[in-house]
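This structure is in structure tokens; I'll ask about it shortly.
Read from first to last, the chains carry the letters A, B and C; within each, the first residue is number 1.
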């Protein structure tokens, strides 16, 4: 379906790593079951794969084909654009790395990376803190949980406008800071404005998911630890974090993928064609909006490759396959916690 | 005539429909089509329901006009398709419609700068123009049936609907910048006339800023944020100096002394005469700045006139300002044209109905009603001299003069690339990131391939 | 005791901090919506003169905003229900079944979120035009489903994995079928995760813009985000900032209220019949 040679998870561990350890330990894992299980798995997976093939797979393939062609751009003597696509091979790809466009590409590459690193780190820290605070509270938790949804729930276009207004020269941000910073002009402050608005909007995403993970930790684990006299800090590092790690890593991974494709927020908050906030998706958008669909598709494919590499590294660096190994780790963590308790 | 099925159908259905179209054309087409060649005016056939694709109807006036049309034309109903408010989004939707060759859109409401791109890509049908040779002569609109009579319109606006001498879009609204100035402050400083040259403007500022009321007022503002407005400011500055961004031969002309003089005006103005936050002010930001009373002179569109005169407390300058033509280096400057034109999508069914509807919406009566309801500048010259209109919109005579002498923005098929290049280089020059000369050279180099034929 | 008091104070402080962080900009949005259009650009903490003008402008006759909200509800609701149905079974397979290529499937699923959305638009538009889906709900629901599934599947898989295996196995030993064990054990235990996934899916679909804009050209079918993009000032230059902020409040607040009202009930409902 996709053209990616190495998607992160498959490259991350051998297929066998996916086997839940519990399964083989239990006596019911018989050979006759294997085929039935496979059939069941295929049945359960197919709706998802079907939808993705239609909605993403087909457009991506069409896009990849498009990226090998160039639309007619010359004019005939009547002034009409000469129609018909021309096979360009990798021309659309090599053009990205030549001349002015190379400078624009690396600038956008830098911006995209900068935004991704700063926003994801900040929102992870803030999101986890939010989740921990909310998990502590018993009264009013529902209310706070609903209220942290607010930033995430406001449509991006609207929150972009809101922040644009806040960051105007005579807006609320400068009024609070008692400074006159030109946030919305092309320049470094514009980057900061994007980071602030993006982190505000997306921290709740991580917060909510971590909170859900926290709520699913069996209470006995904590109680046992508390009886044992483990302090809050120890509890966090030894129990909480390992147990919510699967949910947290998935949340962070998807935030990264989203941040790497960032488009709406800089476009609304600062504007398109602004060097300081131009992202790779914005470059693809600019190409498409000027009818160079082939070139736009080439940018999209390059961006895809970059994202795939990042995702792969993320999964690798944070220890094996997130999903496949998760259970083993959390069992380990749980055992560790118990051992400590009984010691 | 048969309609092409709304959703295009399968490729096969498309072929059948095309064949049907071709057949019906040979059967009944081409009666009074005469000399016009290419572009396919022969396609203006078919009557029936159509759509009108436009940005939002701001006042409800459009719906009123469409309702009136619909009650007169029960067989040729018009449905309005509203697009997002953002011009970029409007263009994108129209292009998507064209690339999928959908017949969902019939009549398109196009920004004046999109004509070349849409025409060159064959997304529009050429429109039959009544011979302009008569000019003021007695040729009544009825004389040439099915053709469009443009003689009542301001010639500068008609130019925006043309591509390579052929008509693709009919001007429905126009727009041009004017110089807003604080009449009260000028009077106090003993200046009777609004400035005609930059130097007069700066001198006036110096006098006004010595007054206690004018102490903390900034002198001048024209938009220099990195948007389409930057292109407009640059075109106005350069054409006022006698230059142009793309010369009459279709090639970039930025290596001229005039272009340099124009850009240097902008650079100096930004450095010494404009508010500190000028680069962050968009059109609305400029209006707020002017309305807060902190600005003596401002280049701005006509829409601000009524808003800045509101006496509900939103404007500090209500009743204190007036408008004049833009100044230039040695005499009156040159404004840049805005506005919208109506065109017919090449993929639309019922093009004859579409043409009639365009004639209806751009006619004098409809434009008059539109001016009254929305204060959008008309393209019919006579409306600017109508005493009733002038009473309601006192700036009309100034605006008419501005439009008559206005220049369009560069006409380019790749307008999106051209304007992005202009914005980038001009912004770098105005913000001091690049010397003016270098920005012009770089722009000249960038525009070369973009405007090559 | 004093420790618990300190703790309570600390947690209230945290409460305040979190609420302030989330709500301060939203407060600004709400206040802006309540200013009179002519005071739009004031910086006062509360409006000098309160006005409903922006809110009534949102619902003014020709915007069709009420209908647009309904459309958004249908699209986002449909997307959420379908995502949960399809996503939970897929996630179950990935979390609990033993088969080859599992990681490849997971990789494939996440790889679909690595393309910028705008590059998928034109091919989808061509496809939906060909099959006659323009101006239909499914033209908006199906793409939203495709955008929502990868995250949902990964999240649900992670949540399902987090649950102890022994419970399910015990249930199956007790004579439950796999399906029953899933419904009665896994889903209730994973309720917080499932509910959170549902909220995230709903919000993403509720806020989708590009597809909804391109696939629909009839006013009666447009969603709220599309309707908002068509808000306009009087002249085309003046930005209807207040109206847009009012619309932002209007599309956000019901979402929050629904979450508030339902979160207990849904979680409780999902948990009922569980082992806890």
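Note that a residue touches a chain if its C-beta (ideal position, glycine included) is under 8 Å from a C-beta of that chain, and two chains touch if they have at least 3 such contacts.
Molecules present, by chain and UniProt name: A = Multiple sugar transport system permease protein; B = ABC transporter substrate-binding protein; C = Carbohydrate ABC transporter permease.
This structure is a prediction, so every number in the text was calculated from the model and none was measured.
Student: From subunit B, what is the lowest number of touch steps before subunit C is reached?
Tutor: The distance in steps between these two chains is 1.
Student: What chain lies farthest away from subunit C once each centre is taken as the mean of the Cα atoms?
Tutor: So the chain farthest away from subunit C turns out to be B.
Student: Using the touch rule stated at the top, which two chains are linked by the largest number of C-beta contacts?
Tutor: Maximum number of inter-chain contact pairs occurs for A-C.
Student: Give, as an integer number of Å, the spacing between the C-alpha centres of subunit B and subunit A.
Tutor: Centre separation, subunit A to subunit B: 41 Å.
Student: Can you compute the centre-to-centre distance for subunit A and subunit C, using the mean CA position of each chain? Integer Å is fine.
Tutor: Distance between chain centres: 16 Å.
Student: Among the residues of subunit C, which are close enough to touch at least two other chains?
Tutor: Those would be 41, 121-122, 229.
Student: Taking each residue of subunit B in turn, which ones touch at least two of the other chains?
Tutor: Counting only residues that touch two or more other chains, subunit B contributes 288.
Student: Any chance you could list the residues of subunit A touching two or more other chains?
Tutor: As it turns out, subunit A has residues touching two or more other chains at 170.
Student: Which part of subunit B faces subunit C closely enough to touch in the complex?
Tutor: Those residues of subunit B that touch subunit C are 6-11, 51, 55-60, 63, 81-86, 89, 93, 96, 99-100, 102, 104-105, 283-284, 287-288, 301, 303-304, 307, 310, 312-314, 374-376.
Student: List the residues on subunit B that touch subunit A in their complex, please.
Tutor: That would be residues 38, 88, 91-92, 95, 119-122, 163-164, 225-227, 276-277, 279-281, 285, 288, 413-414, 416-417, 420, 423-424, 427, 431, 446, 453 of subunit B.
Student: Which residues, counting only subunit C, touch subunit B once they are in their complex?
Tutor: Within the complex, subunit C touches subunit B at residues 37-39, 41, 62, 121-122, 125-126, 129-130, 132, 134, 213-214, 217-219, 226, 229-240.
Student: Once bound in the complex, which stretches of subunit A touch subunit B?
Tutor: 73-75, 78-81, 83, 100, 168-170, 180, 182-186, 271-275, 286, 289-291
Student: Using the touch definition up top, name the residues of subunit A that touch subunit C in the complex.
Tutor: The contact residues of subunit A facing subunit C are 1-2, 4, 7-13, 15, 17-20, 22-23, 26, 28-29, 34, 37-38, 40-41, 44-45, 47-49, 51-52, 54-60, 62-63, 126, 130, 133-134, 136-137, 140, 142-159, 161-163, 165-166, 170-172, 175, 200, 203-205, 208-209, 211-213, 215-216, 218, 243, 246-247, 249-251, 253-254, 257-258, 260-261, 263, 280-281, 284-285, 288, 293, 296-297, 300, 303-304, 307-308, 311, 321-324, 326-327, 330.
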